[in-house]
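Next, two complexes with subunit A in common: one pairs it with subunit B, the other with subunit C.
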Partner chain A sequence: MNATTRETTAPVDRRAPARWSRVLRSRGWLKLIRLLAVLFMISVLTFLSLQLLPGDPARVILGDQANDPATLAAMRHELGLDQGILARYLDWIGGALSGDLGSSYVTKETVSSMISSRLPITLELVILSQLIALVLAIPAGIVAAINKGRGADHAIGLWVFGVLSTPNFVIGVILIWIFAVTLGWLPANGYQPWSEGVGAHLGSVILASISLAAAPFALYQRVLRADYAETLGRDFIDVARAKGISPLRIVFRHAIRPSILGLLTVTGLTVGVLIGSTVVVENLFGLPGLGAGLVSAVQNRDYIVVQGMTLVIACSFVLINTLVDFLYGVVDPRLRGATAGNREG
Partner chain B sequence: MPETPLLQIEDLVVEFPTRGGLVRAVDGVSLTLGRGERLGIVGESGSGKSVLGRTVMGLNDRARARISGRVLFEGKDVLGASAQERRELWGRQISMIFQDPLSALHPITPIGAQIAEAVRRLPDVDKAQAAERAVELLDMVGIPDARRRARQRAHEFSGGMRQRALIAMAIACKPKLIIADEPTTALDVTVQAKILDLLDELCTELSIGSVLITHDMGVVAQHTDRVAVMYGGQVVETAPVAGLFAAPTMRYTRALLAAIPQMAPGRRSLPVPIGGTPPNPLERGAGCRFAPRCTFAEDDCHQAIPELLALADATDHRYRCWHPAAVPAETEAGAR
Partner chain C sequence: MTTELTAPPAVPSGSRRRGRASRRRSWTWMEILSATWLVLLVFGMFLLPLILHLDALEFDAKARFAGPSAEYLLGTDNYGRDLLARALSGAKVSLFIGLGSTFLALVIGVPIGTAAAYFGGWVDAVISFVTDVILGFPGLVLALVLTAFLGASKTNVMIAITAQAIPAFVRMARSQTLALMNRDFVEASKVLGTRPHSIIARDLFPNIADTILAFAFVAAGRAIIIEGGLSFLGMGLPLPQPTWGVMINEGRQYLNTDPHLILVPSVFLMLSILSFNVLADRLRADATTDGGGKGA
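Let's turn to the complex of A and B:
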């Protein structure tokens, strides 16, 4: 009568002799192998894309002195630029695996120390803006779905489209004008570390987080509204009503979990967009994060820094989406083994 | 004073405003159901039978449907009741079984927890008792290894077992009335009979009245006491089940019966399909709703809707037809 149980889980039997076919068939290992392959491809592409760009870091560093071929050659040798592309890649990736991403051509600071001072700021911006976006989008999406086609839905929709079609730096400028210039509540720009006090610190990042959160908020509200409205139209919601379950319990217990997968997917994918947006927003608000660091490194042709930062950003994006894959199975046990953007059923 | 019937539907009209105009899905339906009685509602898709079921339950979105007439459950008005009062009825007094058991079950919550949720509508039942009762209910509806099954989810159940689980959910609070909307349409024929037998058995045991909504005359014959045939939103014939099959009077009922293959010895006949398509509720004529497809329709059939009249020798057998068929049914079905 029932032959569907095998779809649910396929646990690895650890006592069985390690046979490659079996290992490859189990989803956990398959995922790990795929993850490693993706990380490898990222490192290659990051490296290659910067090698193919025009401009020579040695010339940038030397400035006028670059006209002397001997000095230029000496500098190129010092930077390792005279070696073959494969040798340079292996040198770089070998160092990266042991935590050494090289040193800036320009400032001589190690790339890993630049990242470790800048990453927390960007990470905080991303996390804060995701929290703000989700906290606002979930109720807005649910309220709009419940009132689909009525006044509240149209009002929220209008607001959301307004936010969605405004670039984040414009929103940033508007926020600065309101809260820093007009009201004088928050600093217009500049970063305060935690050591300056929690209030001062949060005050220095909150406007940037809000302007980063605007676009994801709008996206999440749209996605959740559509999924949630679809769930509300399904039979099991009628069944729950016919059981006499209270409307609040239906809204919060029955309808949320089946509607949350789309939101989860876009939340994971949005991390990449947010990191990209920090490039603009960190510069606007004068925050010393990875985005601002990347911009100055690109301007200086400081490839080794760009490479290192890009690698870290890309890896965190991949790791976050691997986490999202894992969360699918937690939210909906039917989906154990599904992949972001590729869910079954 | 006579006993109040379990369910009384009086002149019920349900309309939905659409872009094309006002769709009258249920048009002046009156029906009565006694305690523990089994009522069958038969009709093609679009006949209004499912809307009728949902309206009786009070599930229709009030903002979208325009409803007039009365639905009385144990003498109390369901349609006029507040949301809170209706919620008291749902699950406790009236419950419903839906057509597609897969989409009717929550996809993520384990089956046992879904049934326990229904059990907890009863006063003074704690979580552990409800979970225990859910396992008992699953066992009662014939699911083997109920304790393990209670922890599984809808996609791990077969179609028949899903419908059994929904039946368990429907009887969790021993309601007085179950509305079953095409409960076996999505199931294999072999499973169908078992599910309907189970439903009959449980309704008899717990003296639950039932409304069985179906398009299948065969199902009605075996699993109901009284039948209402619906066409174009109206009841066109209603009678005790034996009377209906002995003397189908309205032409549409006859046509429905002729559409069932007869395989009894010496009485073989191929099914006779009903020509045409069910009427578009936006383009109804002034006459009998079935007239455009009726092979016996005459001019007067297109002029006015016939009244629901009682048969001379059986007052509980009423029909709506200008040119009713004469008994017996066999001769006509055979002649065609």
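Let's turn to the complex of A and C:
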């Protein structure tokens, strides 16, 4: 979430721990087992979260209606509270694997249909905000690196630092104030599907995407600036200059390739962070995505929905991070078999 | 940063760092302003309500949406409540939860991470696995769901924010310790037969302390962001306790007419997080030029 941690967390673990855990890291299929184990533990924790509720979950969920013994018994049965905890877990995870996560107590809608209608909106926000962040961060990073230590670098750095220190909902409110209230160009909130027209649709998601893009933009700019500045100091750049290759060509061709790897990694790892950030931003902009669904489920004490959505969010987060690790090995063959280093949540 | 030639610290101890303090670069105006803001905020939130007789909850029907005046220095909100008083009351919550949960996460996470790196093997494998599992939940989602299930109270919000912060400290401490494990002074201690807890406490902790402290400032800023997000979503401390997130959320509907309702808490929030980040950058720069922990 916060980019300023990156520099201090960078040292990658090159030390070989005990033998079998080294095997776990080097062999692809054992990595897969580790991944499955992580997913399994996530499902167990998500399942057990219901146990954190003070008192009988059925009573907590029902609230006032818990006084009716028949309703209470029905709810206890629906939650499986009349069974042992292991049976309940197996039942729940079995359902989850076949796409049945139960149904909302409030709306009666099934959790999986809620997720499938909400997920595309969240994904669109994540993709749009990644694009915005990259489009802004790449030039900002390169300009800062070329002018390292000079005015432009300091100015961009200060701006990035400010963005980094502003929570996304504050950025969102500022954007609403500028573009919706003062200028009146865009709606302050509400969602327009594609069927309402491309302009209306994009208009309804663009401010949210910019709010989401702010933190990744700052992170990417810092990462790219550092890597790019390092590349510019390498010998082969001097050689290229000495050969008389034009400075522009060096900047845009020779220096980019070696500098882009760090950026690629954080871009991938940020996808998961963005899914987390949508929780607040979707709520602010009234967009019916997964994050807003989670919040309204929490507010309605709709715990079955909370469980289901948390499971989906956490699993996609882990799977995306694994995919990034994998792609990292594809992009940089030297790192095959190693991990992509530290992941910051 | 200046490339300062430093001999590797043969005997790591507090005196080493203190002796070097005089050679550090002077404070920039950003750093001075940041420290000043945090100090003012701490004094302000305790003293100003007493001096100015502020009440964060008192309604004033005659002064709704008032601008800044002698009576209400930063104006009032939709119920005529003093925005300065509310912002200062929110500062108590943000700083208490931000610093408290960061402190707890540090105290829990750093020993675990150091132990993982020191012992390696299955200890490391288990700790890394558990860390991976917890990091599978995005920070805000974990905090939100934990608060939802535990119930929103000061303690539970603190627990939730601490829980999402611990893995980062574990990772930090682990990677920092790993960088030290092959250094001669650690090897020497081992050869001499020093007990593990003593090596960890006397050789490893002092050397990772600078970097961890720098990271703690980042984590404090992050904790304040998450606390703000939780209260913005109505899942923070129970009402009527004013927090910055709650104030921003309540001010949303008056954005058209009275943006100062949001401006006041937003400025407090941004300045506080910015201050923590500026100071963290400074501490990290010191830690890396110091030769102690291995920087990036």
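Note that in this section the second predicted complex is superposed on the first by the 292 of 345 C-alpha atoms of A that agree within 3 Å, B and C clash if a C-alpha of one lies under 4 Å from a C-alpha of the other, contacts with A are read in each partner's own complex, and residues count from 1 in each chain.
Definition applied: contacts are C-beta pairs under 8 Å (C-beta built on N, C-alpha and C of every residue); 3 or more make two chains touch, one makes a residue touch a chain.
None of these values were measured; they are calculated from a predicted model.
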| said: Contact-wise, after the overlay, does A:P258 reach subunit B, subunit C, both or neither (first, second, both, neither)? | reply: first
| task | For A:G197, select first, second, both or neither according to whether it touches subunit B, subunit C, the two together, or no partner. | result | neither
| Of the partners subunit B and subunit C, which touch A:V173 in the superposed model: first, second, both, neither? | second
| query | Where does A:G244 make contact in the superposed view: on subunit B (first), on subunit C (second), on both, or on neither? | reply | first
| What is the contact status of A:G80 with respect to subunit B (first) and subunit C (second): first, second, both, or neither? | neither
| So which one touches more of the residues on subunit A, subunit B or subunit C? | C
| said: With both complexes superposed on chain A, which partner does A:F236 reach: first (subunit B), second (subunit C), both or neither? | reply: first
| request: Could you say whether A:G94 touches subunit B, subunit C, both of them, or neither, answering first, second, both or neither? | output: neither
| request: Touching subunit B in one complex and subunit C in the other: list those residues of subunit A. | output: 1-2, 4-5, 7-8
| query | subunit B touches which residues of subunit A in the complex? | reply | 1-2, 4-5, 7-8, 234-236, 238-247, 254, 257-258, 331-334
| said: Considering only the defined contacts, which subunit C positions touch subunit A in the complex? | reply: 120-122, 124-125, 129-130, 132-133, 135-141, 144-146, 148-151, 164, 167-168, 171-172, 174-176, 178-179, 181-182, 211, 214-215, 218, 221-222, 225, 228-229, 232-235, 245, 248, 252, 255-256, 259, 262, 266, 269-270, 273-274, 276-278, 280-281, 284, 287, 294-296
| field | Of all residues in subunit B, those that touch subunit A in their complex | value | 57, 59, 83, 87-92, 95-96, 98-100, 103-109, 117-118, 121, 152-153, 155-158, 160-161, 166, 169, 172
| Considering the complex alone, what residue numbers of subunit A touch subunit C? | 1-2, 4-13, 15, 17-18, 20-21, 24, 34, 37-39, 41-42, 45, 49-50, 52-54, 161-162, 164-167, 169-170, 173-174, 176-177, 181, 188, 272-273, 275-277, 279-280, 283-284, 294-295, 298-299, 301, 303, 306, 310, 313-315, 317-318, 342-345
